[in-house]
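Order of writing sets the labels: A, B, C and D. Residues in every chain begin at 1.
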Amino acid sequence: MASTIRVRATASGEITEVQALIQHPMDSGYIKDAKGDLIPPHFIQQLTFEHDGKNVFLADWGPAVSKDPYVKFSFKGGKKGDDLKISWVDNKGASDTTTAKIG
Amino acid sequence: MTTTHDGFPATRRLILKGAGTVALIGLGNLPFSLVPAFAAANDKYPEDAFKQKGDADAIKALYGKTAEPSDKVKMDAPEIAENGAVVPISVSSTLDNVTSITILVAENPNALAASYRIPEGTLPSVANRLKMAKTTNVIAIVEAGGKLYSTTKEVKVTVGGCGG
Amino acid sequence: MRSAIHLASAALALAMLSLGAAQVAAAADTPDPAADAKAFQKFFTDKFPKVKLDDFVNGPYSMNEDMHRQWEEKEQFPPYDFSLDLGKEMFAKPFKNGKSYADCFPNQGIGIRQNYPVFDEKEGKVVTLELALNRCREANGEAPFSYVKDDMAALTAYMAFTSRGKPFDIKIPSDPRALEAYENGKRYFYTRRGQLNFSCASCHVQNPGERIRAEVLAPALGILNAMPIYRSEWGGMGTISRRFTTCNSQIRGVPLEPQSDEYRDLEYYLSYVSNGLPISGPGARP
Amino acid sequence: MRKSTLALAAGLLIAGAASALAENSEADFKAAYAAAEAANKQAASLHNQWTTTAAALATAKKAADGGNFDQAVAGSKEAEALAKASIYQAESEKDAWKALEIH
């Protein structure tokens, strides 16, 4: 199965711009299914971006982050070809990790 | 905690817009030493803050203090969200020593939507997509030098993001 | 409120039932698809002089600046990305018998979306891309996909992607049945149905750019060029079949079966009148 | 809003039919329901059913199951009126659609 994480990291000079899209339902716990039962909350709680052994970005998310969440940020110090490690963990304990190359 | 380099804010904004090399050289002169070291990497998920109903309680649970409005916190959000399920919101700041950026949606069932830790070397700028239950204020908080600064914008929602 | 007005007018029409059938003079005009398409495109370019012809494929985003900005932001990392990748993977994966989708289509299925639907002169009917994909599966011993769900959306997303920028090129062969299918599609498009008494045209010809309840209505011109779409309202992908069936139920009409003759003909008509406009699918919509 | 207009439309359609003040029996319901179903079937043959007809039929059935035959008969009559309106719509649109066409 393909990774749930899509990343685009582009270095331009000193700055690396990172965009990530993650496949996740981000159920809020307020929506009912077809039968009228509430779908229990299911959402990513933490998302981290690691470069060169250091966290460069950490997101704490609640259920108000949209389905298939997207985030964009920029950091200094990344170079083309460097690894960027992305991990998430959700409220049910599920997680995923991927490593992307900075382009 | 004010900016010591006159050209700094403009320079940074240019970078964010993907401008050219002139701006990059400008950034190279930044005094990195001013920025406090990033706290431990194993940061705890602020469960309690996400459980609060209103924005004031959530800010208090998250930071233990209140924010003052500042024009150095910039927020880009639509006037009318095309759909409450996906509202693009970005926040950036011209403040120094930014350590976190937090976004709250005042009248969502739980106001706190997302909080981002900004370690040393990461730019104080983030874009994401949030759900909004109805027309309400979106509040952006920037933590810089241990203080909280905020800006607020109302976003109209015609199709709520909490419906079926 | 709007629905109430239409409802009242429907009731009024019914009240006149006893007065006899509507006396619309049946002008015996001969069908002329080429002239139709020209008039159809002119209608939209006249109505929206600021919108370039090719931009109509961007639907409601071409009509509203605030929405256009939200769209641009979304397109930076579009929500249909996962579906597109899945479709590419599915398309490349051979069936159990070793054959693949590529074997069912001209040019191995790459860059051909703009030619669909086609009129199949052997069958005497319109064949849409979704239908052709399921026929391909069945011919190779695979179960067909649901027309409205993710697998079909993923496959068509990938095929549309390989055709991006290529203008719609729908052909009506000189076969009276083809012309009839086109005319049937046109009739379906303009016929009022559902309790709201709306036709496709009520929303997508008469009121594009306007808000109905909360949504900004897409212009009919170019509406299929962007298919399949990730709709925020659906929280996922949808095919042309899904678009047609949900439109029908929104006006409180019972939708037909996906890929029924009516829907095939409708897709034929609607694609034909957008001839020349580029494929932009997969798309993202509110 | 919707409900009241629906009632209005239905009311217009049923106008003329004697308003049943007397208590309705199960037999009354069965007759009214069968008439509504027959009309809805005809609408189906014209490929022009309304979702509201099905909804009214379901409501009528539910009321009958609960022993409320007055409501069940009223619901059936509403369903029949809606089905007949959809038939009328299909028939009048056979020509009327041309008025909307772009030339």
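What we mean here is this: a residue touches a chain if its C-beta (ideal position, glycine included) is under 8 Å from a C-beta of that chain, and two chains touch if they have at least 3 such contacts.
Please read all numbers here as calculations on a predicted model, not as lab measurements.
Participant: I need the common contact partners of subunit C and subunit D, sorted by label.
Facilitator: Per touch definition, common to subunit C and subunit D: zero chains.
Participant: Among the chains here, which has the CA centroid at the largest distance from subunit A's centroid?
Facilitator: Of all chains, D has its centre farthest from that of subunit A.
Participant: Taking the mean of the C-alpha atoms as each chain's centre, how many Å separate subunit B from subunit D?
Facilitator: 55
Participant: For subunit A versus subunit B, what separation do you get between their C-alpha means, in angstrom?
Facilitator: About 17 Å separates the centre of subunit A from that of subunit B.
Participant: What's the distance between the Cα centroids of subunit A and subunit D, rounded to whole Å?
Facilitator: The answer is 51 Å.
Participant: So the centre of each chain is just the mean of its C-alpha atoms; given that, what is the distance between subunit B and subunit C in Å?
Facilitator: 40
Participant: Two or more other chains in contact with one residue: find those residues in subunit D.
Facilitator: Counting only residues that touch two or more other chains, subunit D contributes none.
Participant: Quick check on subunit C: which residues sit in contact with 2+ other chains?
Facilitator: Touching at least two other chains: 79, 235.
Participant: Two or more other chains in contact with one residue: find those residues in subunit A.
Facilitator: Counting only residues that touch two or more other chains, subunit A contributes 67, 70, 72.
Participant: What's the complete list of touching chain pairs for this entry?
Facilitator: A-B, A-C, B-C, C-D
Participant: Taking the touch rule as given, give the residues of subunit C at its contact with subunit A in the complex, in rising order.
Facilitator: Against subunit A, the touching part of subunit C is residues 76-77, 79, 81-82, 85-86, 89, 235.
Participant: Spell out the residues on subunit D that touch subunit C in their complex, using ranges where they run on.
Facilitator: Touch residues, subunit D against subunit C: 1-2, 5-6, 8-9, 12-13, 44, 47-52, 54, 82, 84-86, 88-93, 95-103.
Participant: Provide the residue numbers of subunit B that touch subunit C in the complex, in ascending order.
Facilitator: Its residues touching subunit C are 78-83, 85-86, 88, 90, 127, 129, 158-159.
Participant: Name, in rising order, each residue of subunit A that touches subunit B in their complex.
Facilitator: Counting only subunit A, the residues touching subunit B are 12-15, 17, 26, 28, 30-32, 45-46, 54-67, 69-77.
Participant: Within their complex, state which residues of subunit C touch subunit D.
Facilitator: 1, 3-4, 7-8, 10-11, 13-15, 17, 21-22, 24, 26-27, 36, 39-40, 43, 186-187, 190-195, 197, 199, 201-202, 205-206, 249, 252-254, 256, 262
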